[in-house]
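There are two complexes below, and they share chain A, which is joined by chain B in the first and by chain C in the second.
Now for the complex of A and B:
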């Protein structure tokens, strides 16, 4: 358990590097080493910080709160074959709020700088979050309804055992969570992680004023959030009763495939127009609502 | 009131240019532009006898240029032409800034480059147009930008994500280029290097334009072979920058494939330019009196191979780019400039042609190789980012054909003529279709045959205002994309 958690805590930057590598290969370049994000992380930790004179302590504490809340959120998420470190009824609500808390402080810190760019980024982030967070609760709601459980651990350990309808539900929810992964990870087509153009950014523009260790924390937090969401995806894919070795192998492969897929999406399509992003995010809502409808039909249909 | 009729690169004696009262000059200019002409230049020159204002109006259909002048004094005023012909707005502001000649009734009499001493020369004296309201907000970008680009300030008045108005403040790059042209002591190499440096992305365009102006002034006959080489270089520059722009436009919409492929193709083109003259941007190629490097048979085969090779690659890449729905969603109907607006504000080059305005110096006022080989003017309707991107693609294809034709007509002979000194007391205007559009160099010599005035106009001067129009009512997040689709020069404007 402890080892599994440690591996997950160490892996996020590898996955960021993997996405960059996929894009580089597609673009015909050799690209930076997959471990580059780690080198950057340690470089940033050694650097000094520049802090804008207009900011308040909110700006200082936001990255630390973000990284702490996100690590706590990871502990609630079940790891295939190991389960969750922390589990209680209704823990997914705490999970949602911990993810929300990170975002809240990122947004508050962005507004704290008083920059018009960061204000725009904050406004965009909050607008899109309202769509994604609602859809996420529908995802968990469908699973809770299906399994009659209300904690992450018990939901995911029993979802594979239920019935002939679950493959359909699982496919819909995996697709839904993949969109959430793109949105929360600030990836194409929602955001462009590589642009230098402040006016088009969402996530990157909110953290423009950060430097040094705080920036390292922020980059790590962003990568960890993606890892958490893809762990949820893996939970829906790895069969609950599989032998431990197989389950763990499948878990690893699912994680790799998910991040290669993120890189693939980023290589193949352009980013959406800002005003069309909600349409894409509502696709997540539509998919999770469909899953919800299937669950309702399975439980109550024909009676 | 009769204008003096001339043409691209045809010299006229200064004494022949009609001299009218300033009100009359403005009135006649408005009348001529409204009668189908296009305002080419409207600029002042300070001499011992006072300030002379020259007005140049082009008749594109007949390849003619009409010129007239007026002697004015500082502090004079006249009725502004801008309310009648919006294309005069920047020229009038420039004249006011440089010589204090005030256009009465000008709707937007703001500084162009450095402001008017005592009035608005300091940064904090500049008054931006502002939109007020509870939900209106302003976003200021620059003059220092992210990425390696030139300085310029953009002030957006927005309602949420929507841009109401964009005001562009330039001048941060002012180097006094026009004054440097007349600084003693002259040397050919100094003038060549200076012309190359007017705008770093238009080396061949500006250096060629100035060289042709100088050769006309001195009556130097440039060998045919040199003219052909110049034309090939100009088209190579066009192809290279257009490919780079397609790459950058792809990059701005986060379309990785287009970004990488067009970027790689551009490298092949600029490396070919390097094979000709040793510099990827064509520095050192354009000389007063000819060109500095010959296209040897080996080079000729190399260019032919490049064109054959690239033609297919470019169409393949463009087919993928322009059929990708996620890309089209970003490009289509973004940043529209209507045909009427583009014509009224005097836009030039691919940006104007993408709005359906058929202006192309290569066809309207031909020079060098284009005199004997007419160029078909390409236009697209739409005026959106898509049109500005797509016209680059079809212009690249056209340039490939032109390069082939020029290579075929490469006749034996010298590449450089002996340069004579300029004749005294004459005036010439040299128009060039650079990749960005019409480049104008107006050059005047004094009684001793020395250059006493060089007026440079980069196409950016015409087109910056088009960008302001394009982004109105557009999402602020699409501004960078619109900006890239114009790809205007800061230093070419600031001079």
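Now for the complex of A and C:
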């Protein structure tokens, strides 16, 4: 358990390196080494900082709060075959609100700099999160209805036991969570992690004023958010009763495939126009509502 | 019970005593009376809450009231706790805030007189259990709060807002008079306990009565579409009063609904769905409108509407749990509703108090002109931040605990095997999540635009926190917010007996389910604080030997940056408002100057409350037209009136002669 959690805590930067590698190879380049984000991380930890004179202490504490809240969110998420470290009734709400806490402090820190660019990113971030957050709770609602459980751990350990109709529900929910992964991970087509130009300003522009260790924390937090959501995806894919070795292998493969897919999406699709982003995000809502409808139909349709 | 009534009298006398005190001492005198009343009221209230007992006192009046019972049960005690402590916060805050109005001794006298009257009336509202006496104290509460709102009556806007509020309250009271009249007639008694025989039947008449009660109490609470007075009255009132009205008075609408539920036994499931749907819509409507506001107090007023919606969701879940005989769901619903009532009192009081500090130091409530106040008003900024985090339901504050209870209640409601319940639960679950996400937007706007960045327009003078009376209530309440977040089961113990009143079938296991969950939550919260501390420590350790430079904000190479380039509240909310344009229509007025150097070009945008356009204006117009049909009766001609008199006398004569 502790080892699995430690591996997950160490892996996020590997996954973001993987995405860059996939994009490079797809584009016909050799690309930076997969471990490049780790080199950057440790380089940033050794640097000093430049802090805007406009800011209040909010700016300085925000990255630390963000990284702490996201690590706690990871502890709530079950790891296949191991379960979750922290589990209680209604922990899904705490998970959602821990993600929200990180978001609030990122946004507040962006507004703290008084920069119009960062304000723009902050405004978009909170706007899109209204759609994603709602759809995420619909995902959880469908799973709670399906399994009659109210904590992540018991939901995901029993979702595999209900056989007949879950494949359809799972496919819908995996698709839904994949969209969430793209949105929360600030990926194409919602956001572009490579630039902070006006057209694509969301996450990268909000952290424009950060440097040094704070920037390292922020980059790690962003990668960890993606790892968390792809772990949720893996939970829907790995069968519940598989032997431990197989399950763990499948878990690892799922994670790799997910991130290769993210890289693939980024290589194939252009970023949407800002006004079209909500339409893309509403796809997540539609997918999860469909999953809910399927669950209701199968539970009560026969009667 | 007697101490309780003496306490009520002391608060009222405090207002009278403030009238005869010298101008500078008025606030202090009232606060002294209010503080000493706490010693009379709180022991009775807290012992009732902890023991679950019932204290009652029969009072004999002449006809038509007759014998009236005053009863202090746990539900009444919980609300008395809020009213009583809310009064002391409002009075201490008023000492500092009312210095803005120095020299207006008579206005200040009336302020404290009506503050005492309103608090005393509110305390009586929750204990009086006789229909007529209840309506009387209810009206005293409404009228005295109207007079408080109208404090700054030299301002035409304030007068308008106060009259609007007064009218709304009378409409609400009309529903209540009808409902109480009907139920008393049907049950043959004015005592609340006898209403059960009528309300508990859940036939057509009792559902209609419930709707009437809901409309009456819902007007006070601010359920959509009966909410339109809140965004008017809250900004107009002096801030201490706004905080008391938003934190405490609108909760008496919730109290009324809960009291009627308590008298109605096991509720009808259809009514439960109705309450749930209205509450979800109230939450969503309230917070979308809050996002659109630029006046900070209007934003807070709309956020109160949202929170009433959240409390309503809890009541709806509780009713569903009772209707489907699931004590656990019922408990989680009522726990969420009651806890959120208390939580909203704490954080909304802080938010209003902070907005009052801003207004008294900068003389504006328009967020688009403010900014960067965190540096000038550090305590206010910290208080506003903590209260905002609680209002968004984020860890580690008390707002999360009540929302957790609601999420759990909804997730548990999925286990009631019924399609309708599942769909209703999902609707509420996603509604609650949507509301929460929008609250994040609203409060990152409220906090970020007002306290962070740079002032968008030149501030009057450097604002400073010089009045400790403005700060002290905020600090106290902020401590309560944190304590309730970190030690949530303590609050649950306080609410236990109130919940048992609603869910008598509650087993100790159900209760354990909640306390165990909350203990884990508080461990996780502690973990979050520790982990944050670890990273902050790591950060300062890493930066210890490094160079940390201070420089201006990175402006992408643009050389003439100005504070006016910053994102404003309006621009921050624009992308979202664009998405919900149908729900929050905006009117934009552009003044383009056709000349070469347009000095006076301007753009104004206003958001409209949808319910006014589609519900109130058409209704009022229809009523106006209908009543217009009778306007010929009052023509203003003397001859016609004399004729009425003659016709009346002749008719009377005919009737008397005809009958005899």
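Here is the rule we use: the second predicted complex is superposed on the first by the 299 of 303 C-alpha atoms of A that agree within 3 Å, B and C clash if a C-alpha of one lies under 4 Å from a C-alpha of the other, contacts with A are read in each partner's own complex, and residues count from 1 in each chain.
We adopt the following convention: contacts are C-beta pairs under 8 Å (C-beta built on N, C-alpha and C of every residue); 3 or more make two chains touch, one makes a residue touch a chain.
A quick note: this is a predicted structure, and the numbers were derived from the prediction, not measured.
In the superposed pair of complexes, A:86 makes contact with chain C only, with no contact to chain B. Shared-chain residue A:244: touches no atom of chain B or chain C.
Measured by the number of chain A residues touched, the leading partner among chain B and chain C is C.
Of the two partner chains placed by superposition, only chain C is touched by A:122; chain B is not.
In the superposition on chain A, A:214 makes contact with chain C only, while chain B stays out of contact range. When both complexes are overlaid on chain A, the residue A:161 reaches neither chain B nor chain C. Shared-chain residue A:108: touches chain C; no touch with chain B. In the superposition on chain A, contact is made by A:27 with chain B only, not with chain C. Judged by the touch definition given at the top, the superposed model places A:292 against chain C, while chain B stays out of reach. Using the contact criterion defined above for the overlaid structures, shared-chain residue A:10 touches neither chain B nor chain C, since it reaches no partner. Looking at chain A, you'll find residues 116-117, 120, 123-124, 274 touch chain B in one structure and chain C in the other. Residues 23, 26-29, 116-117, 120, 123-124, 188-189, 192, 194-200, 266-276 of chain A are the ones that touch chain B when the two sit in their complex. Only residues 137-141, 146-147, 160-161, 250, 252-257, 259-261, 264, 324, 326-327, 329-330, 334, 475-481 of chain B touch chain A when the two sit together in their complex.
Here chain A touches chain C in the complex through residues 45-56, 58, 60-61, 63-65, 67-69, 71-72, 86, 88-90, 92-94, 96-98, 100-101, 103-104, 107-108, 111-117, 119-120, 122-124, 126-127, 129-134, 136-138, 140-142, 144-145, 148, 150, 208-209, 212-214, 217, 274, 278, 292, 296, 299-300, going by the rule given at the top.
Chain C contributes residues 371-372, 374-375, 381, 385, 389, 392-395, 400, 403-404, 407-408, 410-412, 414-415, 417-419, 422-423, 425-426, 429-430, 432-434, 436-438, 440-441, 443-444, 447-449, 451-454, 513, 516-517, 520-521, 524, 527-528, 531-532, 534-536, 538-539, 542-543, 546-556, 563, 565-567, 571-576, 579 to its touches with chain A in the complex.
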